[in-house]
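Only one structure is covered here, and it is reproduced in the block below.
Per-chain numbering from 1; labels A, B, C, D, E, F, G and H assigned in written order.
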Amino acid sequence: MRDVLERLAAGELSVAAAEAELAGYATTDAGRFDAARETRRGVPEAVLAEGKTPAEVGALAATAVETAGRALVTRADGERRAAVRAAMAEEHPDADVRVDERARVVVAHAPAFEPPALDATVGLVSGGTSDAAALGEADAVATEMGARTERVEDVGVASIARLLDRVDGLRACDVVVVAAGREGALPTVVAGLLDAPVIGLPVSTGYGHGGRGEAAMLGMLQSCTVLSAVNVDAGFVAGAQAGLIARRIAAAREG
Amino acid sequence: MRDVLERLAAGELSVAAAEAELAGYATTDAGRFDAARETRRGVPEAVLAEGKTPAEVGALAATAVETAGRALVTRADGERRAAVRAAMAEEHPDADVRVDERARVVVAHAPAFEPPALDATVGLVSGGTSDAAALGEADAVATEMGARTERVEDVGVASIARLLDRVDGLRACDVVVVAAGREGALPTVVAGLLDAPVIGLPVSTGYGHGGRGEAAMLGMLQSCTVLSAVNVDAGFVAGAQAGLIARRIAAAREG
Amino acid sequence: MRDVLERLAAGELSVAAAEAELAGYATTDAGRFDAARETRRGVPEAVLAEGKTPAEVGALAATAVETAGRALVTRADGERRAAVRAAMAEEHPDADVRVDERARVVVAHAPAFEPPALDATVGLVSGGTSDAAALGEADAVATEMGARTERVEDVGVASIARLLDRVDGLRACDVVVVAAGREGALPTVVAGLLDAPVIGLPVSTGYGHGGRGEAAMLGMLQSCTVLSAVNVDAGFVAGAQAGLIARRIAAAREG
Amino acid sequence: MRDVLERLAAGELSVAAAEAELAGYATTDAGRFDAARETRRGVPEAVLAEGKTPAEVGALAATAVETAGRALVTRADGERRAAVRAAMAEEHPDADVRVDERARVVVAHAPAFEPPALDATVGLVSGGTSDAAALGEADAVATEMGARTERVEDVGVASIARLLDRVDGLRACDVVVVAAGREGALPTVVAGLLDAPVIGLPVSTGYGHGGRGEAAMLGMLQSCTVLSAVNVDAGFVAGAQAGLIARRIAAAREG
Amino acid sequence: MRDVLERLAAGELSVAAAEAELAGYATTDAGRFDAARETRRGVPEAVLAEGKTPAEVGALAATAVETAGRALVTRADGERRAAVRAAMAEEHPDADVRVDERARVVVAHAPAFEPPALDATVGLVSGGTSDAAALGEADAVATEMGARTERVEDVGVASIARLLDRVDGLRACDVVVVAAGREGALPTVVAGLLDAPVIGLPVSTGYGHGGRGEAAMLGMLQSCTVLSAVNVDAGFVAGAQAGLIARRIAAAREG
Amino acid sequence: MRDVLERLAAGELSVAAAEAELAGYATTDAGRFDAARETRRGVPEAVLAEGKTPAEVGALAATAVETAGRALVTRADGERRAAVRAAMAEEHPDADVRVDERARVVVAHAPAFEPPALDATVGLVSGGTSDAAALGEADAVATEMGARTERVEDVGVASIARLLDRVDGLRACDVVVVAAGREGALPTVVAGLLDAPVIGLPVSTGYGHGGRGEAAMLGMLQSCTVLSAVNVDAGFVAGAQAGLIARRIAAAREG
Amino acid sequence: MRDVLERLAAGELSVAAAEAELAGYATTDAGRFDAARETRRGVPEAVLAEGKTPAEVGALAATAVETAGRALVTRADGERRAAVRAAMAEEHPDADVRVDERARVVVAHAPAFEPPALDATVGLVSGGTSDAAALGEADAVATEMGARTERVEDVGVASIARLLDRVDGLRACDVVVVAAGREGALPTVVAGLLDAPVIGLPVSTGYGHGGRGEAAMLGMLQSCTVLSAVNVDAGFVAGAQAGLIARRIAAAREG
Amino acid sequence: MRDVLERLAAGELSVAAAEAELAGYATTDAGRFDAARETRRGVPEAVLAEGKTPAEVGALAATAVETAGRALVTRADGERRAAVRAAMAEEHPDADVRVDERARVVVAHAPAFEPPALDATVGLVSGGTSDAAALGEADAVATEMGARTERVEDVGVASIARLLDRVDGLRACDVVVVAAGREGALPTVVAGLLDAPVIGLPVSTGYGHGGRGEAAMLGMLQSCTVLSAVNVDAGFVAGAQAGLIARRIAAAREG
């Protein structure tokens, strides 16, 4: 602890970074950013933009870069993505900022941040363009955890031939996240074609009775092929669970 | 009416048959058998064995043969199937009685009964042996309505190749009933491969959360391919709806 | 494939149309339009306007006309209907554009598009003005598939005499879609009066407990007359399923 | 109170009857019989046989006759009906005991009991034989409250003509209870044909999704005709509510 | 019919009034106003303002006055109430227009309209100010049907003494509507204190789990006192059902 | 630990008691009895008889007496109550065994067991005889925790006067458990009459829609008076929570 | 009563205060403020700002201060908090007004108001910043009832070590409210570590399936440690129930 | 294929084994055993005993040993376990048969069967003895897939210290299955303490509202730590998913 305090006194550490090292989290007016969790499982601590003001999202993202070297902002609409860009331009002008509009994700890396790199691949499959946001969120977190990702999109169960054409591209994957809305059958079909573990990601793209993802969620829980599932629209959780599996596999590869 | 009464007086008609012609239904101690419905849409009036005593089932089946020339008994366990056989042996010893144990169905035809014959084919598809009872019920009613039936079983979505191998056998069908439990995805996949209308038949073969057919039911209602559905385990309804479509098509073929 | 490429090189085919023929779908900034599905079952690939920006809806409709010769836009409010008109005026000024405000549907045909014509009639029944949007959607898709349609509206079960007055008009129909909200009993009553197959279309016009279409949906699944059903407000699916049945019947009539 | 105690001391009153007059209820080993409620609204205090042992049912019925002059036993299977008969034979051999097997109801009157008689009629309508138990329960309680009852059965919405044939018989009724299972549409149709108040009684005779009376219950709550409803299988409540209305009307007739 | 046409030709009847007499309803650009229903049961045909534009509400109200002599507009917010006033000022300047803001109801009577008057009283009880809208809707319809009404408000079960103080005012009522949100216990308690029939009206004033009226609805269906219920927030239905009962009682009083 | 082992070696301690002291629980063939929990909060560790064989229940009860000096067996039917008696007769013949049949509870105390005694009173209120089992379970656990208990039964909201007559008996209670089935309104009414904290205990005594305690549960969660609740039929939890509050109050009284 | 009227006539009492003393509540244009409830159980009568206009909230708060000496306004967003401040500035400029933005609560005390002070402490625990609003509401009401409060925040079950570090701070509490969203496990873990009674407060901070607080609510009802619960987001109820317990304990301490 | 037929003709292969090689499954009177699935993903094809007769279970187990060299029978009660033993004694007397009563699992290996062995460990954690059946099922399938397993039981969240004492034993695991009933919080807490992927297995051991595993299921889907989940009581699926992950890790270790 003395070391941290000395570096803070010497101006080598910001107050937020010192607080993060000592208390495990940094406090800002916009809330608290919990850097400690990240070190435990390698899962980046995301800033969930939904339900926060643009100013809060920008401030939390800046704190994240300051204390963890990286920010991962999820469920950010255009206004909140702009707020993150602005906060970065002001407080971390040399950060590397990438935006994925379809996934509604912003990632920012401080120049000194060294992203992890795992020798393992996460497959990401979806049935339609409406599943792109959830799948992109999964992609972003798995990528930030260091996994390679391989995407296969628009292969819904209503056009089974198109799926069969593209399934070979998934055979090299170590774990596969499959997103699906409506009746949610795609993970079942994909898991029947592969021998890697499959994580089902139900998406709230249905309509009418059971249309807020309930049908897809139940369909994955009832799957007649072995798979596990996450909650509706939980792209972050699916990607992070895939990332945890990839970390174990990469560690095994490294011996 | 006078004609009916004269034939009754002359002993050409039983009391039950006379009542059926005049009132539209025949009354027995075991309940009422509604023969009139059958003539309206060609859908045989079934005796639902579940929830009735074996004696009631036997009595109603005998009344059905007497008034409609035919009995179709559904959801009959071993004891009730035996009761129907016994009732037939006693009251209609010359009836043609066929039993389908897997489908839990008994069909009896009086010697004079002329079954309809339609120039149209109903396809019947299922994913597993646990769907056999519901599918068999659908088969029985479609057959009694005069349709040819074509069955393709054990082609679940977890083994998509096996389904693709057998789908050609369905291309000649005019309408297809697809039964599925668990996640209920099979009708969606089949409808994506055929151009005939598909009727989804959800089956209560799941388990845990959503396992009494809710997942399958919702999956069919949310299907991303065009299809219509019936209630959970409603094999009779699915088969009869397919039969009604087959009747229209056969009539069109006859010109 | 060479033929397609030669026609593209010769300027006889647009890039989008060429992509549609080769890949089965055309990509636009507004998303993907999947023309291949249309050829499989004759069901037009609709542009669902709900949840898309007016610009996206306009762009997808234009792409649809370009690649499939036709656009069917559903669930379009005033702003989105205007966007489709504007996109047509600019990109396909000679297209035939028809708008049904009650049904919230826009249909556009390229001059060269030859709509199918089937010798079969789809009946369309509803109980009240609040069911008009769902029924109109069903009407549009059945019409686009080439069926004749016959509408009988405002014949709710609360005024049974009015329904009986008008049921004769439905006797010539080959298949009947019946839309109903609230308690959803109309398909049951109609199916009891006709011998054509009936497709129940529950509508979300109820209120309070069970009022988002659940009561109507359950009522149709529990119907004591034979019928099949589609999801709540799924006018497109009901119309397309009726269209598939009409196609079979028309084909049989043609011999 | 002194009067009661004097009559008890004089042997003119049993202990149970004295307790009932003083405390409002009588205690037995089988539980408590609450006679006071009966006097408030004229609704007989029923002994619900379901969930009690035959001995308890018999004992409670005997106490009811002793303290209230009458017993109304509901939901009694064969064994419990026999127990009531036996208890009556032993303790109130001169009571008038009537059993309705279909309704699963036993009614016993002490010789001195003077049943009420109201100048008002309760109509009782049902769609099928499976609704008979609930309807019979309603009939029994309305009858015990003194109303005349008029039954019209087997007039389901699937055979609307049969209902129309018989609706005239209901026009003289002051209030009508309509029982229905499955989709529960019958009360809506009946209320559209009559000007008396209608009470919907949903029955748990459906199957699959929504089949434990939920569809019927929701259908009545969503009815597009004015009516009120009671809970699933609550024949007693429906009959008693009709009886309360009949009491008011009869009182008005008497001036 | 000839008579109607002659009066139309002679200018004694508007087109809408003629259409209403002949077809049972009048068509306007804003939809259809169904005058015939009103004559059947005496229940006024209401214009439900919710979900319609102010212009549509105004037009329908004007049509109602023209064809039925009266308009009853329910669930009208400020803008829609103003639209009704404006429509009346323009088309029926001599109509008697009354507005109840709390109940969100507007009633308009043409000068020639003779409101019914029944010798019967409907009680109206509620537990809190949040139940006022639903109760006011019930009051309006019962009043329009001719019943006298008697209101007792702010007597929730949490303050049972206040209810007991005021219950005597209800003893003269012939039928009582009791509105309650939250746990919905008030109808049960009130029915235990009165001998008139009670109609429970659940209100969506709860919060959290079960808070959209489900708890109140279920509470009334499970009531341990005899009563019937209507759907959540269905003030119109509760008032109309009470009105139907009042009509029967008043008719009996008249002999 | 050494002390425990020496007492075990010296035969002063049974193996089970030694295991309980060292590991916190004792293992038997019938499962594990967790004595440590009891010392933490003073809540006796109950043996839940439901779902266990009579032999298992007897063995666990004997182990409880051996390791904790006391056994509290809940939800025990006649056969399981007999098994506990038999196990006690054999293994702890000098234990004090008390059985409450209505509550389905057996309590056994070893001769050396000194039950706690708290200077605090728990009130226990219910509306009907069907709530007696749940209330008795609450009574047993509160009593075993040392609280005095005061019961007021048969005071349902349908007979509000009877409740008011008896509420004074509750004014001295420090905390009150109120059990109710059906619509579950009793805790709300009682809490409105008292100033002690009230714990709602919903009971599964309803029927039909919402009848497995859902209506009562939701009613307590929606209560318009301040109270907290436990799960359906959770008499043990309600009694123990009341006991914990009584412990705090008694400790405060002792200063 | 005469005394109140004399003081009113003498100008010593406002009309509202006089009405409050006589009728138990004061009527304003904005609704009714029920001062009598407060005196019964010591629970302050809160003004629920949600669903009221800013003007109504301001007026009710002013009436509360006038009649009860204090206002507690809950669920007040920025606009409504400003309205309360403004109303106080105008009508009670000398009131002590405190605002808690996170809790969305405003408290105002008239100068003469003497807040209660209890010798008892309520613990308040939460897992994350998103639970702060509900917990703050609980804190405000417990504080207004006179209890000391002790808060422990950001100790979610995902970081169990942080919770264990801080649990000692809770050991002196007499009763503990634990707020939790998502899976709602925190109250269970906390109750396993303390011997004070625990009240679970589920918060609607989840997402997807079960995300509106259902998972947290069910988790607390199923807790394997003894605790009671309140409805989702019912911070007021949790705090008031804790306050009632604290009142009893403080009274016991005072002897 | 010729090779298979020649071996069959030569008596080297049974008919069932030949059918299994050619068709992918073997047919018996008791149903179909699908050996092909096993080879795809290494997941043994289990015989689900629940819902089958003892004779069917025995026959299917014998067929499994004959065609796949191994049988894994799940959810087998005593009678069905005995039937498997008997079938083995008769048809495969030299098979190695192991029974796990708590897990309700029977495993049989033919002498020639070489079980796989993976260099990877699956952790298995549960909170109470009632979770043992589901956890044992997971253990059996993971073991049959070749993984080492490590069990940590009786570490519920109500006794967090006991869990912390034992968590170190899980640090070497590559993937961890955590079973929990009631509120289902254990997987969340465990995942917060480990860096291996965690699979939540909800168990139906709750009671009352949400007690058939819904609370546990929702709790895992809402977990505030990263994890994926399977359906209620789906021990087989959880174990197989863990086995698939272990297979990938072991393969990586082998390089």
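In this section, a contact is a pair of C-beta atoms (placed from the backbone, for glycine too) under 8 Å apart; a residue touches a chain by one contact, two chains touch by 3 or more.
Quick caveat, the model's predicted, so the values are computed rather than measured.
Fewest steps needed to get from chain A to chain G, stepping only to touching chains, is 1.
Note on connectivity: the fewest steps through touching chains from chain C to chain F is 2.
Shared contact partners of chain G and chain H are A, F. Seen from the Cα centre of chain H, the chain whose own Cα centre is farthest off is E.
For chain G, the chain with the farthest CA centroid is B. Residues touching across the chain D-chain F interface largely differ between the two copies, under half of the numbers being common to both. Spacing of chain E relative to chain H, judged by their CA centroids, is 61 angstrom.
Centre-to-centre separation between chain E and chain F, using Cα means, comes to 50 Å.
Mean C-alpha positions place chain B and chain C at a centre distance of 30 Å. Chain B and chain F have centres, each the mean of its CA atoms, that are 54 Å apart. Residues of chain E in contact with at least two other chains: 158-159, 192, 207-211, 214, 217, 221-222, 231, 234. Chains that are in contact with each other form these pairs: A-B, A-C, A-G, A-H, B-C, B-D, B-H, C-D, C-E, D-E, D-F, E-F, E-G, F-G, F-H, G-H.
Remark: chain C residues 129, 154, 158-159, 162, 207-211 touch chain E in the complex.
Residues 127-128, 156-160, 164, 182-185, 188-189, 191-193, 206-211, 214-216, 218-225 of chain E are the ones that touch chain F when the two sit in their complex.
The residues of chain G lying in touch with chain E in their complex are 24-25, 31-32, 36-37, 202, 204, 213-214, 217, 231-234.
The residues of chain D lying in touch with chain E in their complex are 40-43, 120, 174-175, 192, 194-197, 199, 217, 221-222, 226-231, 234, 237-238, 240-241, 244-245, 247-250, 252-253, 255.
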